[in-house]
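The next part holds the structures, each set out as structure tokens.
Look for chain A in each of the two complexes below; its partner is chain B in the first and chain C in the second.
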Partner chain A sequence: MSFVNEQKYFASTDGSYIEQDIHRLWPTFTVTVVDKQTGKFKTRDALSAPMGMGYEYLAGKASEKISGPNDLILYRYSYDMVEDAVQAAKQAKEKHTAKSIQPGKYDLVLDPNHLGLTIHESIGHPLELDRVLGYEANYAGTSFATLDKWKSGKFNFGSNIVNIVADRTQPHFLNTVGYDDEGVPGKEWELIKNGTLINYQATRDQVHMLGQKQSHGCCHADSWNSAQFQRMPNVSLRAGKEKLNVHDMIKKVENGIYILGRGSYSIDQQRYNFQFGGQVFYEIKNGKITGMLDDVAYQSNTQQFWNSCVEICDKDDYRSFGTFRDGKGQPSQVSAVSHGSSTSRFNNVNIINTNSSANI
Partner chain B sequence: MAMLNEQEAKKIIDKVLSYAKADETSVTLIGERIGNIRYARNTVSTSGEADNLSLAVTSIFGKRSGTATINEFDDISLEKTLRRSEEIARLAPENPEYMSLLGPQQYSKSNTYSENTSKINPLYRANAAFASIQPCINKKLTAAGYLQDNTGFIAIGNSKRLYGYNKITNGDFSITVRTADEKGSGYATQNFTDASRLNTKAVTEIAMNKAIASRDAKELAPGKYTVILEPEAGGELLQLLINTLDARNADEGRSFFGRKGGGNKIGEKLFKENVHIYSDPFNIDNPGSPFALDGRRQEKISWIENGILKNLYYSRYWANTKGVNSLPSPSGFIMSGTNQSQSDLIKETEKGILVTRFWYIRAVDPQTLVFTGLTRDGTFYIENGKIKHAVKNFRFNESPANMLTNLVAVGKPVRISGNMIPPMKIKDFNFTSLSDAV
Partner chain C sequence: MQREPVKLAYQQGLGEKNWKTPIEINSFEIPVKDKIDLLMKVNSEAMKVGAGFIA
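Then we have the complex of A and B:
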């Protein structure tokens, strides 16, 4: 378990005197099950999320649990670590006999504890304005979401149900602050509206390049001895407007995979091509979960993937995903950030078999 | 303040130990000055220097231990930190795997320090950046680069009269050059102990040439190809294999190096005969600390010889449990090579792909060591011994273990990220999809 208490004092010649006391925690574990007969080992990581909270997150309140498909227990803003450890041990064991995925095209049902990382990598990073301008070219990379695409006002980043919001005020989220490290108050703004790219993430000295007069408050330094620069705020997918839960979403899927948890993740330096895995995978056949799958990863292109988003569950399913260690800059700095979403469906996505992927 | 000599460091450590009331006490003192300059869009974006001295003290009562740290060095602060570590130790649960501290050790001297690097100042860094940026401006290219230099020392001591001190300098320079039309990108890097070896202009010229040559990349179908991995690319994948050489993970069945039915694969031939990987803290081109932070001596160790796994590294507890010599993990490694240049490897290649570097490598299957990642900043098609044209970047799904099984030839090793890595020619390297990224 990691606990952070960041006590920060900011003063500037512009007249700011700001004191902030920020808390966050990350309870996590990995269960490994070794089969000595076969020499194989399988793992399952915790389904917790790092939170902008204290010990209260570990209370395991029943009101914050969601009853998921296949008797899975999912956690909103309160986590039961022992209960999840029991669940994890059972699932890691089950992975030893799980069916290895047949590569091909599948409809994906992605849990928020998994989808958050896909949002982070394929939307959060390419919409950082310093990347778009070339300031990260030697390390983190540049971006496919160039200024001409934004200026056109017609760049369809995703389908028309995809609404992405940037926010530094959302309770319990890791990147929530009163003020950024230039003294700018935290706020909320839209990045993608009805699938169209409409804005970026910017600091005081960048925002005028977008013809905007107020900084987005995205400046952050990870220590007293680090230079502050543009970092990602909480970037989240808005919940669907229609009443929908994960059980009803799965009922409509003929040939799909339900994916939970943070797995392997990799994306190119301009954020086009990505490959993501997960912690737990379930086969969906004709609207029902038929068993556990193994060796699953999806490989896609950012714009194609977000345009394949056809359904998003409602706000009752909305949960957060996060990390303490988003890396960027030289010398490298870390930042803590959360991503909210509800379970979402993406149609016809390319799936590879990771066990045989090196021998395809 | 950060750079203390051996006597000054020992005086502080002895003072802290003199306050101790615990059964055992150990102290680590680290001083470091880190300087850097960063640029992008052909102009400097940030530069700075951080100078810090920090002390960590660990107190042990029985099998309970506690650690406290501080970067203030008056007597009151030092004693307060020591008492804090003792307080934490009394509250901590027993560690059933605790091993008593080591006694006095003999450490050989390693050539890890260079006066040239220790003298780097802001003017030096500005000139180094200018030498890199100006040629790019002259050719209407865009430079983004970073130079970092470290000068420091590590001193360790404990209540059993162990003491060690080592001075270190290190530097890294990396440069990405992009063409004005955003269709080409090239990268080059240099890692050094002695700054007199650094030439930012020469390194930048490599990146410039790659950027220009990589414009208008052609699409090649994903599949298995013979590749020539430049040392930067090969080193990244090899480091991932080295990271898994932990004996306990192998013995307990949680590693590629674990054996079916239990135990590890030491003594088994796992890779091609021409694979030799070792560590040597006294290597003149790649010096490392003569001791690990827990006081164990670092020595020349063969990890893989003629393709056979020779050694794994152990915690002291696990080595004691298994009754074997306790080897610490190496601070850097060396893959043996030949006198062949990278150009020689290209000349001997009928069809293949030259890879400058990889990006965003992540584990896909820890059992088989399959990783995924992408090529970046200069990927080229080779035909009949010559580079024919640039190709679009690929995603790969490949294992460094497969890679060492499919090793065809190696060239002369160069220093990359604290390791010595040769260019490598490898057959059947697995590219699984294309990326539009430049």
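Then we have the complex of A and C:
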């Protein structure tokens, strides 16, 4: 378990004197089950999220639990660590007999605890204006989401149900603050509206390049002796407007995979071509979960992937994913950030088998 | 080399301000023993259903 209490005082010649007391926690674990006959290890990480909350997150309130497919218990804003460790052990054990995936095209049903990392890497990072301008090319990289695409007003980043918002005011999220490190109040602004790219993440010295007059308030330094610069706010996929839960979403999938949890990932420096794994994978056949899968990763490019998004569950399914240690800058700095979403469906995505020795 | 002056978007001075994450229980006021007890329970319950080890 990790706990953070960041106490920050900001003063500027503009006439702001701001004191902030920021709390975060991250309860997590990795459960390992060993098959002594084969000598193989299988693991399952916690399905918790790091939160901008106090110890109350660990109360495990029944009202914050979601009953998922296959008797899974999913967690919103209250986490039962003991309960999740037990289901993690059972799932890690089941992985030993899980079927290795047959590569091909599948419809994906992605849980928020998984999708958050894909949002972070394929939307959060390429819409950082300093990356777009080449300022971070030496270390973090650049962006495929160039200014000409934004200026056109027609760049279809995703399907028309994809609405992405940046928000430094969202309750319980890691990057939520009262004020940024340039004295700008936290706010919410849209990045992608009905699938179209409409804005970036920019600080006081950058917004004039977008023809805008007010900073987005996403300037951050990780210490008194670090230079403040543009950092990713909470970047989230808005919940679907139609009533929909994960059970009903899965019922409509003929040949798919349900993926939960953060796994391995790889993405190029322009944040375009990528590959993501996960923690737990379930096969979906004709609307039903038929068993656990192993060795799964999906490959796509950012625009193709987000244009394949065909359904998003409603706000009752909305949950967060996050990290304490998003890295950027030279000298390197860390930042804590969350990504909210509801379970979402992506059609016809390329799946590879990550086990080169698998007998498939 | 800087080729043109930095253009800072205007920000009104806000005076004295305070902000705090709206927490209910301060994690730093929970005794270490309580945190260890929770982690040990996480460990023992997972071991009962087949875990080899938990980190």
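The rule we apply is simple: the second predicted complex is superposed on the first by the 356 of 360 C-alpha atoms of A that agree within 3 Å, B and C clash if a C-alpha of one lies under 4 Å from a C-alpha of the other, contacts with A are read in each partner's own complex, and residues count from 1 in each chain.
In this text, a residue touches a chain if its C-beta (ideal position, glycine included) is under 8 Å from a C-beta of that chain, and two chains touch if they have at least 3 such contacts.
Fair warning: this is a prediction, and the values are worked out from it, not measured in the lab.
Chemist: Figure out whether A:Tyr265 sits in contact with chain B (first) or chain C (second), or with both, or with neither.
Modeler: first
Chemist: Between chain B and chain C, whom does A:Asp295 touch in the aligned arrangement: first, second, both, or neither?
Modeler: first
Chemist: Just to be sure I read the superposition right, which of the two partners does A:Thr38 touch: chain B = first, chain C = second, or both, or neither?
Modeler: A:Thr38 contacts chain B only, not chain C.
Chemist: After superposition on the shared chain, which partner residues are touched by A:Ala62: those of chain B (first), chain C (second), both, or neither?
Modeler: A:Ala62 sits against neither chain B nor chain C.
Chemist: Do chain B and chain C land on any of the same chain A residues, and which?
Modeler: 32, 34, 41
Chemist: Inside the complex, what are the residues of chain C that reach chain A?
Modeler: Its residues touching chain A are 6-28, 30, 35, 38-39, 41-43, 45-55.
Chemist: Can you tell me which positions in chain B touch chain A when the two form their complex?
Modeler: 34, 36, 38, 40-41, 45-46, 48, 50, 52, 142, 144-146, 148, 174-176, 178, 185, 187, 252-254, 258-262, 359-368, 370, 372-374, 376, 393, 395, 397-399, 402, 430, 432-438
Chemist: Considering the complex alone, what residue numbers of chain A touch chain C?
Modeler: 1, 3, 5, 12, 14-25, 29-34, 41, 52-56, 58, 81-82, 85-86, 88-90, 92-93, 171, 176-179, 182-185, 204-205, 207-208, 212-215
Chemist: Write out the stretch or stretches of chain A touching chain B in their complex.
Modeler: Touching chain B from chain A are residues 32, 34, 36-41, 43, 133-139, 141-142, 144, 225, 227, 229, 264-273, 275, 277, 295, 297, 299, 301, 330-331, 352, 354-355, 357-360.
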